[in-house]
Amino acid sequence: MTTLTVSDVTLTFGGLNALTNVSMEIKPGLITSIIGPNGAGKTSMLNCMSGFYHPTTGSIKFGDQDISKAPPHFVSELGIARAFQNIELFAGLSVLDNLLLARHRHLNYNFFQAIIYYGKASRVEAENRAFVEDIIDFMELEAYRHSVVGNLSYGVQKRVEVARALTLNPKILLLDEPMAGMNVEEKEDMVRFTSDILIDRGTTVVLIEHDLGVVMDISDQIYVLDFGEMIGEGTPEEVAQNPAVIEAYIGEE
Amino acid sequence: MIYFIQLVVSGIVVGCIYALAALGFVLIYKSSRVINFAHGQIIAAGCFIAYALTVWAGIPFVISFLASMVITFFLSMSVERLFLRRMIGEPIISVIMVTIGLMSIIDGLIYLTPFGSTNYSFPQILPEQPLVFGGISISWPQVMGVVFTALMFGGFSWFFKRSTIGVAMRAVSDDQMAAMSVGVSVPKVFGLAWAAAGLTAAAAGVIIGNITGLNFDTLRAVGITVFPVVILGGLDSIVGAVVGGILIGIIQQFASGYLDGTYGLAGTADVVPYVVLIVILLFKPHGLFGTHEIERV
Amino acid sequence: MKLSQKLLLNAFLVSSLGLVTACDNKEEAAPASTSSSSAAAQVYGLAFSGAMTGPTSDAGLPYSRGIGDYCSYVNDNALLGDDKVDCEIKDDGYKTDVTKRNFEGYLEKGIVAYFNYSTGSTLALKEDFEENKMPVIPASMHADNTKGSKYIFLPIASYSEQALGLAEYVSKHHKGGGTPKIAMFIHPSAFGRGPVNDVKRAIEKGLNVEFIEVVEHGKGLDNTAMLKRLQSKGVQYVISQTVQSPVASMLKDAKRLDLTASSFGEAGKLTFLGAHYTGGDDLIALAGDAAEKFLWVTSFRLASEKSEGSDFIKSLGQKYGRDVKTQESHNYTSGVLVAQIAVEAMVRAKAHGKAVTSATVTEELNGMNGSNAYFANTTVGPVTFDVNDRSGVDTLQLYKATNGTFFSENEPFESEFYKQLK
Amino acid sequence: MSTNRWLATGNFFTSYKEEQRIYRTHLDRSIFIVFLAVLFIWPLFFPVKNSTMLVIDNVMIAMIAVLGLNIVTGFAGLISIGHAAFVGIGAYAVGTAVTLLGKNHELIVYGWPVMILLGGMAGAAFGALVGLPALRLKHLYLAIATLSFQIIFEWVIMLMSFFDQGQTIAVGRVYWFGGKVLRQQHYTFWYYAILVFLILCGFMVRNLLRTRHGRCLIAVRDNDRAADAMGMHPGFTKVYAFIVAGLLAGIAGALKAYLDRGVGIESYTLHTSIEYLAMAIVGGLGTLNGSLWGPAAIQMLDLRVEELAELSGHYLPAELNLATALRPLTFGLVIVLFLMFEPRGIANWWRMFRSYTKLWPFRY
């Protein structure tokens, strides 16, 4: 099991610091949450971890591998997958194709085998289809298998988003506000999925979430960001007691 | 040395005309993110209208020049209304292809007129003798080109900074949805951008027509020549259009002045801008002045 | 389905159905023309495919009108007795693919002679002409057209011959000391480059001019660099082989830079000369005053000078409702000439008691020499072809632009070196 | 299991492999096989005129080229305004061989299938070169880069005397088992040759699209950030799209060189590029069968307009240029009308037709 270590990361956009000297450690086998008010730099942190942004200074290490300058496709290959806050699915494709796309790296036939199709390509496709079906079962998406993603409801799209990240078979799964904009039932489902991901599939989860109730319930470790700076860390109990965090959330009277 | 200076001056002067032709192109791109392939045809149309008014209707050149600009203003606006209004919200590739279709349609319409297959030239209205400074000469149509580029450049810069509609246009170019939500009429802005593009196209057309004569092929080819200019300057930058135009003008002059006739090369002025374009794109993907957008996930 | 989509679908279906029926019609039409061959009066097919739209349509359109009008004239005036010509004219938009399609269609209709247009398509279809033994008269006078071909007949002297004629004229009339220095201003294609090597070869054979530079023009809006360079190299004569528009730009720039010679061969200035497609009314239309003193060589008689030929062309144009601009265009005359040549060959075949076919037309064309030369009134010299020389009117006439019209300068002449080069 | 393999109703799959099939029912597959057979045998039963066959041949070549264009523009979403240059590269690969070896060299007249594949390779190599800017460039800038490549391609060919400065380089008549292919059989012979290549290319693209090599194109088009997160390098995927497009275009170009028996620049100009784009759009961007509908429809339109123009020439005054204006006018109108009213192209009509007949005799 590998640890994702973020040390002293600063991210600057045209003179503005999105993140300042943030350090955190994502330990395997836990659900780690990053919380903070709007604009605190949570998504920027996630973008840095997944290779979309590169920290201006500081480093991000996955195990021994430095990934601070690695592009997203490289990071995902290492086993860090993410689900996006604003749904970033391939809207014109079916749920099945969206998930199969996430198997891109695992479809190990070459171009010529692909154009001939019969033989290896067909066999590998079928094997991976089985894997994808597994995820579909896990995320309870059976009914939507052949639906075009763009036509599905928001809650289901969110679930597809998570399912697609899971299909990458990651070691660490980064979830960016998976429950935002959901109703209570959908939220409950998503919480269940999140803990199942860790328990059933053994995937480490990093969660960004606004609903503090959910965060406090399921997190093992919490980091609190405000204006790009780390203002608190620890278990849910510790964070709940932290005066800096309380101040950031409730504000000075 | 005087050869070199003459090349630079000619380059700048011709570049200004390119800039004028490119200005309309940039205006459309800036507000609606559309690459207008039919721009050469609009340039040609502007030129033909001015000729028809001057020679066939016998209206004084200055008036018909201005009138042609006004007519193209409205023509271009109606083109937008007829063909592009319906395309708002469609994928950008469809919109671009519409302009390619437009290119053909305007071709067809011009073939209906005598201009499609007959050559004409403007009567000698501007002074025949060129301006000469210390052995360097500039013809009057070229002077006109420089003056109009300066006017239009100044005008549009002011327009975008100060006037309400200009600010609205900038808002639309930044974010259509956001602009709509604060009450800016996006279709109206697009219409206006096209109309303004028509205006500059007519000016460019008349000036180029004065330089080359009225040959449909030559005039519509300007629409393609403009591409290196706008890419070099950055697709959405008015300053870029002017700087890019002048740079391409100078590059062309140097190419034909120094490259042609050496190493068996010939006609390099036509191709060097495109080579420059590709090199520029490799190192500065958004041109010299184009906006670089930060992508948010 | 939206109404608009329905409409589109319907329109498409109707048009595709229409295509099927149209194909049927064609198959009916083809035997109809051959079946009439048993009757006394016959219909002979002539056909043209050229650029009436697209690049060079300014020349192609009047050219096609010339062919069409002369064919109508032949039928209306019974030049072939009871027989008629059926002249089919199609636009190919300067696209070789379409030319090829048109030509295959014409072949199936059983034409006896074919008029082609551009240099590109003539070279592209050369093998097809050979295999079908089809006599072809193209609008392109590219010298290489006839190379390795027995069936391509150039109506007038080739571009090489024209450029050589101009170079010889320069060498003969050059005033002042030294060897006259020339440059060539050409189209960036084989059409423009064709004559360059022939001129260079003639110089090796003793033509007294110095060849300084070949300029291949682009689409740029300014020729300052090029003109200044030529001047600095001491060039005095610029021989153009291209189309009118770039020449017009160059002339305008030269005038602006005060580089245009006021008289032939003025020292330190440039004298401009050009081959067939560089001149004519179109040049004056484009260049205006800057075209003054431009020397243009061609083999045609012009409307500006009264002659039997120019009167004929005018009356022809009037008869078939052409505007003055078309009537006076040398491209119109040029179109008439190619039709004249083909019809003359047909008339001769008939007179010799032969059936009019592509083979007999070729035969008659190859026999057009010596006492059998064809004196078309539209040209300054006779049309002569033989098995080895298939360029028609070898006589050239120099025209000079004076007050916005081309008038003939000196007597008609022939290029001497061209014969030596062969 | 008593599953029904002939109709869509009651057709159940018991393995993933079964579901991956192109033809879901035996009926579909049978219809397709019969259709292919008809394509091969119809020239034997109808006397076909050369001019008709030439049109058909050119349409099929355009289909191969547009298949390539659809890969890059339709599926990968990168506008290419230089597709004719890719086709031209294929043709000029043959042209190069002719110039080096002579037009009747064995490799050219006997080894033409090899030459056609070589044309494809050359196209693919050029595609890689043109695609390189795609590593950095985003959509519209890339479109203009392809335009520049088109213009540079034309200029280079026109400059180099090696390529006869753009004039036609003649290609000899090819040999087949029956000996030399003469003029009378030429167009029919190439009909079969092109048909075979078209079917191969069609299946190649079809197979590609149901594997990762095809899906990644669509992924990059729809959302290149997400594609990146899924482990695809968006830049390389774009380059790869250009390579596949170049391969198909190169094959089309080499076929065209043989069909025309010559290579000249005039068939590979910017105008042709625009025509290919129009074909792709009218057919339906991002669909396989659209690549086949488009060229057929545009060619049909062209022929119809030609007849219409001829007809109007008989009835309208000589001075009206309607006949010459009709072609560009209708060409442009068709593009614009399709984009405005049927942006998914003819392929969408085909889809509607299919879904109507699929569950026949039941409506739903």
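Just so it is clear, A, B, C and D label the chains in written order, and each chain counts residues from 1 on its own.
In this text, a contact is a pair of C-beta atoms (placed from the backbone, for glycine too) under 8 Å apart; a residue touches a chain by one contact, two chains touch by 3 or more.
On a predicted model such as this, the values are computed, not experimentally measured, just so you know.
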So which chain ends up closest to the centre of the protein, judged by Cα positions averaged per chain?
-> D
Of all other chains, the one whose Cα centre sits farthest from subunit B | A
Centroid distance [mean C-alpha coordinates] between subunit D and subunit B, Å | 33
Inter-centroid spacing, subunit C versus subunit B (mean Cα positions, whole Å) | 35
Whole-Å distance, C-alpha centre of subunit A to that of subunit D, is 41
Using the touch rule from the top of the page, what residues of subunit B touch 2 or more other chains?
-> 107, 111, 114, 116-117, 266-267, 270, 295, 297
Multi-partner residues in subunit D (2 or more other chains touched) are 155, 158-159, 225, 321, 324-325, 327-328
Numbers and ranges of subunit A residues touching at least 2 other chains | 52, 84, 88
Residue positions on subunit C within touch of subunit B in the complex are 52-53, 55-58, 60-62, 188, 213-226, 228-229, 232, 244-245, 248-249, 252-253, 255-258, 282, 285-289, 325
Which residues of subunit D touch subunit B in the complex?
-> 73, 77, 79, 132-133, 136-141, 143-145, 147-149, 151-152, 155, 158-159, 225, 270, 274, 277-278, 281, 285, 320-322, 324-336, 339-340, 343
Mind listing the subunit D positions that touch subunit C in their complex?
-> 49-52, 54-55, 58, 155, 158-159, 164-168, 170, 183, 260-262, 264-267, 271, 297, 300-301, 303-304, 306-307, 309-310, 317-319, 321, 323-325, 327-328, 337-338, 341-342, 346, 349, 352
The subunit C residues in contact with subunit D across the complex are 1-2, 4-5, 8-9, 12, 15-16, 18-19, 22-23, 27, 52-54, 57, 61, 65, 90-91, 93-97, 100-101, 104-105, 107-108, 118-121, 123-124, 126-127, 131-132, 144, 188-190, 193, 320-323
Which subunit B residues qualify as touching subunit D in the complex?
-> 33, 35, 83, 86-87, 90, 92-94, 96-98, 100-109, 111-114, 116-117, 224, 227-228, 231, 235, 265-267, 270-271, 274-275, 277-278, 281-282, 285-287, 295, 297
